[in-house]
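Listed below are the structures to be examined.
Below are two complexes that have chain A in common, paired first with chain B and then with chain C.
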Partner chain A sequence: MGLLRQSEKLGLPLMNLVRFKGMPILDQLNLEEKLLRTTSDNWCIVNDGANAPTVVMGVSGKPAELLELESVIGDNVPVIKRFTGGGTVIVDEGTIFVTLICNKDAVPKVQPYPRSIMSWSGKLYDEVFQGIGDFQLRENDYVFGNRKFGGNAQSITKDRWIHHTSFLWDYEDRNMTYLKLPSRAPEYRSARDHTEFVCRMREYLQRSAFIDKTIKALDNYFMVQPATPADVNSCQVAKFAHSTRLLSKQELEDACSSTKPGTIAQSASI
Partner chain B sequence: MIPIRILNRKRAWAAVGRRFLTSHAAQNPLSPPPAAAAFPGHHGLPFLSHLSSRLARPSHAGAGFPSSEGVSIGNFELILIVLLCWRWKRRCFSGSAAAGLPEDGTVDVPLAQTGEGIAECELLQWFVKEGDEVDEFQPLCEVQSDKATIEITSRYKGRVSRMLYVPGDIVKVGETLLKMVVDESQAPVQSVDSQVPIKVSGNLDGELSSGADLNTTGSGGVLCTPAVRHLAKQYGISLSGIQGSGKSGRVLKEDILKYAAQKGIIESSGIPLGDQLQDELGSVQVIENPSDKKVTLRGFQRAMVKTMSMAAKVPHFYFVEDIKCDALVELKASFQKQTTDPGVKHTFLPLLIKALSSALSLYPLVNSSFNEDAMEVVLKGSHNIGIAMATPSGLVVPNIKNVQSLSILEITMELARLQQLALANKLSPEDITGGTVTLSNIGAIGGKFGSPLLNLPEVAIIAMGRIQKVPHFDEKGNVYPASIMTVNIGADHRVLDGATVARFCSEWKRLIEKPELFILQLR
Partner chain C sequence: AVLDGLKYAKSHEWVKHEGSVALVGITDHAQDHLGEVVFVELPEVGAAVSQGGSFANIESVKATSDVNSPVSGEVVEVNDKLGEAPGLVNTSPYEDGWMIKVKPSNPSELESLMGPKDYTKFCEEEDAAH
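So, the complex of A and B:
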């Protein structure tokens, strides 16, 4: 009651902060979709590192176009198709996720459409990275200079929106080789390959400092209130059909086969 | 995309002070030609269909300045356009030909344009099927554009008659997504690009209330309102160099501001202060009657709705008293005269606040909070006296902590600090929580007294009217001028009774009328 009163007094909307560490990205995405679609609260989810290297594609990503499928299948890398738009990333323990789920009226002057939300997020992270590197929101990415370290995706529903970001605090060069150079890329990428295009946030600040600064920046727009996993569970409806899914090996193999001209699609031996 | 056809209706808009011009279907090569039939009995009434879709900007778009793309669902633009057309229909204009409504009431619902370069979206899924009845604002489908998946909701209540795409299809902006059968009464108008962003509602307002035609000529045929044209002139910007993001490529105010920001003419956050204030108050929509404006409450105002609704549930009683302030006036004048620090401004409030604290020491029940569930009253140890302040953002009540331990000078400084922060909208949660009783100095603005609502969970609030010079009688029956302040103490009758409040008020009054009594309390 006390915190509710504080938020009313200030006129700032409440935002529930949920923090995880090492949560599997599939679980995180399912949770996010559930909170977006079945609750009417504002949420910030911070997952300090996923648990295992996983490829995450946007809702309409086509594996054959985006992934080096032979390596992905050969190395048993899980591939997920998430419920938001956007491009393909490979996430692991070095990726920090920050997700914002908001009611459309939550932030004054922010309208529930992509550019407005993206622009506001740029301002939010401007505060986080003030004095650190040459941070900017460039097209739809967070960059230091011209190197990307944070990628964004959104989903906008009738009354709410989600804006989630995967931050490359650190990454393995090797993992980047699972991803093809995408055909749809921001202009500033200028056809650079992954290693020339992205950079590591660890070269700029500590993990915990980044998370703390992010929460502090959110305090300017919301009354941020820590929520426990129990709070999270109590908000969710029992049955929810999430759209994020893990692609099956068969699907990946079919996609792989379909890229090879003149061959008959066959199941690969296990 | 089928552009809005807006008729030039001088008479129609005389009452509302607006005029519109027909726009050109030919301006958008993607739009199919408008239906030719005139609407029987309603001379060329255009048919608007609205789609509240929100589309992403292309990935090459720069960051930073909010622009007028995308759309959102504004109930505003929906209501606005629906009612505009309703008025037109009622007035039965005649005029230049516009597409009429086919007799069967079928509407083409297009994938609307953001205005800046996004050419197509992928259809991800339908939420409805042919034959379904849909309500206004019901989600119709989901599309993907660039980084975002977006739900597209229906602007109409009607029935889905035909869906023209399947999931996976790439739909060009402006192409018809589906056809719906709607009631005639739902402002039948031709399909248009309905994507006027909520953010630009101020813009729309500006356009509508400009009282002049939308000018399609001049400046190389750039479509914009005179108000926008004037703004461009102010910044010395040529309109021909600007890409319009509004309907049919219209140049909007935000396009000008963005261009100016890019050119370094203005700072990138260059929304004029007036607009910022307007935004602070809430977006303004124009509906029906031109003298009415609808304001969506945000921030402090929104908070006030909630707190006052809760307060209204508490049984209040009111105790009104007049307090002679002659001695107070003299004392304040003396402080001001003697003060060595020019930065300190002495007012009545710190004295009143300190006197209040003294009275609270004798009547701690007035400085308490009531927990109804536990049926318990917590007598608060600290006197955290809240001072209601009117700021540009609305009513806010910061409090001065531990007044019982502060000197009058310290109270003066703290009050000044809180006032500054309140005006700048920079009060911290610490400043505005933990109050135990509230003072409302409504008299600073004016008025005799008010009937204030409690600032829950406090049990008392004191509204002070303006100090006024009124004639009084002395013991001998002679008239003399007295400075009188009327106060109204609102109290929670579940906790406080009239006698307690009356005695508390007497004590407070005693100290104000005879401030020399403060000396007795000096340690």
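So, the complex of A and C:
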């Protein structure tokens, strides 16, 4: 793709670009779900770093299976279950989030199904990372070579979809120890532990350069227009029942107990 | 596959009216496009559903996808097997992978749905457009 003439861009759908820095991930997810379900606009949300280390599981995640619960509980790490699918990540100020919320007909040739959306996102980021590392979309992850630096998740409604990504611009090795090796993992992972499986985007490009290149790539598909937090607030409905939630300490302790030998096994109905 | 005797919604759910109850699930087209289903979240018995409204979530690949009810009414039964075997939605979307049974509040809503031939054509046109 490349440069489009202004006249060609006039036929493109609008996309509101909202930028945050250090927004708590729970607030970000609640905002995203609300914009997905209660507005009819296209949105790009960029959150340059979460505010504190937080575990974020997908909609069907089971803490006992995915987390080293004794450490998580002992270190008071918050655990969130989000409204989208996919796996478990630990996010902090070194994580950059890019979220796309689109009407189902916004991007030509993209159907509102997981693989179609994922494939298009791979093309978008091909443009962002052109000439940088050996970038590819590999089994739903963004990788340099065989090392993951971007994890994806989606939610699809009747007429809209969201595709959001957590990019590991940087991370603390220690934080990765809160996560177990998941039973459901991509083949290319080859049972590697976290430190051998992931990589840091900071080794490939600057933080601001990544965000600028992403916005520029979106320009090929949308008329991107900046929106302020006030713009975001003005188009939201007053009441909305979020499905993303923070798990309670009791829930985590119950899940931890269920993994100990000698206790009655209970399925974590979380 | 598209079966005779069912009605179909544009959001790719099917409904089978059996006496006072309507059986609901997602179509073969939908399960094929969604990919391997790993989790199904169903409503409680007694919940109200409305035509075109979301009543369930399916997780596949990295996505949760809404499932929308083709008819309005009250949920009278849910398919408990999908908790342990969500893949039934892929392997048997019209039979063992059924999702809910609804007591319809407005059976005339069925008339607004597509028959098998119209639904087949709808799917072909939708795929061709992409």
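Note that the second predicted complex is superposed on the first by the 253 of 270 C-alpha atoms of A that agree within 3 Å, B and C clash if a C-alpha of one lies under 4 Å from a C-alpha of the other, contacts with A are read in each partner's own complex, and residues count from 1 in each chain.
Keep this in mind: contacts are C-beta pairs under 8 Å (C-beta built on N, C-alpha and C of every residue); 3 or more make two chains touch, one makes a residue touch a chain.
Nothing here was measured: the structure is a model prediction, and the numbers come from that model.
Undergrad: Clash or fit: chain B against chain C, after overlaying the two structures on chain A?
TA: In the superposition, chain B runs into chain C.
Undergrad: If you tally the residues of chain A touched by each partner, is the higher count for chain B or for chain C?
TA: So, of the two partners, B touches more residues of chain A.
Undergrad: A:119 in the overlay: touching chain B, chain C, both, or neither? Say first, second, both or neither.
TA: The first partner, chain B, only.
Undergrad: Touch test for A:186: chain B only (first), chain C only (second), both, or neither?
TA: The answer is first: A:186 touches chain B but not chain C.
Undergrad: Looking at the overlay, what does A:59 touch: chain B (first), chain C (second), both, or neither?
TA: So A:59 meets both chain B and chain C here.
Undergrad: So in the superposed three-chain picture, is A:137 touching just chain B, just chain C, both, or none of them (first/second/both/neither)?
TA: First partner only, chain B.
Undergrad: Residue by residue on chain A, keep only those touching chain B in one complex and chain C in the other, then list them.
TA: Common interface on chain A, chain B vs chain C: 58-60, 83-87, 109, 111, 113-116, 118, 140, 152-158, 184.
Undergrad: For a test of understanding, state which residues of chain B touch chain A in their complex under the given definition.
TA: 54-57, 59-67, 69-73, 114, 122, 124, 137, 139, 144-151, 153, 168, 197-199, 279-280, 296, 298-303, 306-307, 393-394, 396-397, 427, 429, 432-433
Undergrad: Can you check the complex and tell me which residues of chain A touch chain C?
TA: Against chain C, chain A makes touches at 58-60, 83-87, 109-111, 113-118, 140, 152-158, 184.
Undergrad: Residue numbers of chain A touching chain B in their complex, please.
TA: Against chain B, the touching part of chain A is residues 2, 5-12, 58-60, 83-87, 104-105, 108-109, 111-116, 118-119, 122, 136-140, 152-158, 184-187, 223.
Undergrad: Name, in rising order, each residue of chain C that touches chain A in their complex.
TA: 11, 33-35, 38-39, 41, 52, 54, 57, 59-66, 68, 126-127, 130
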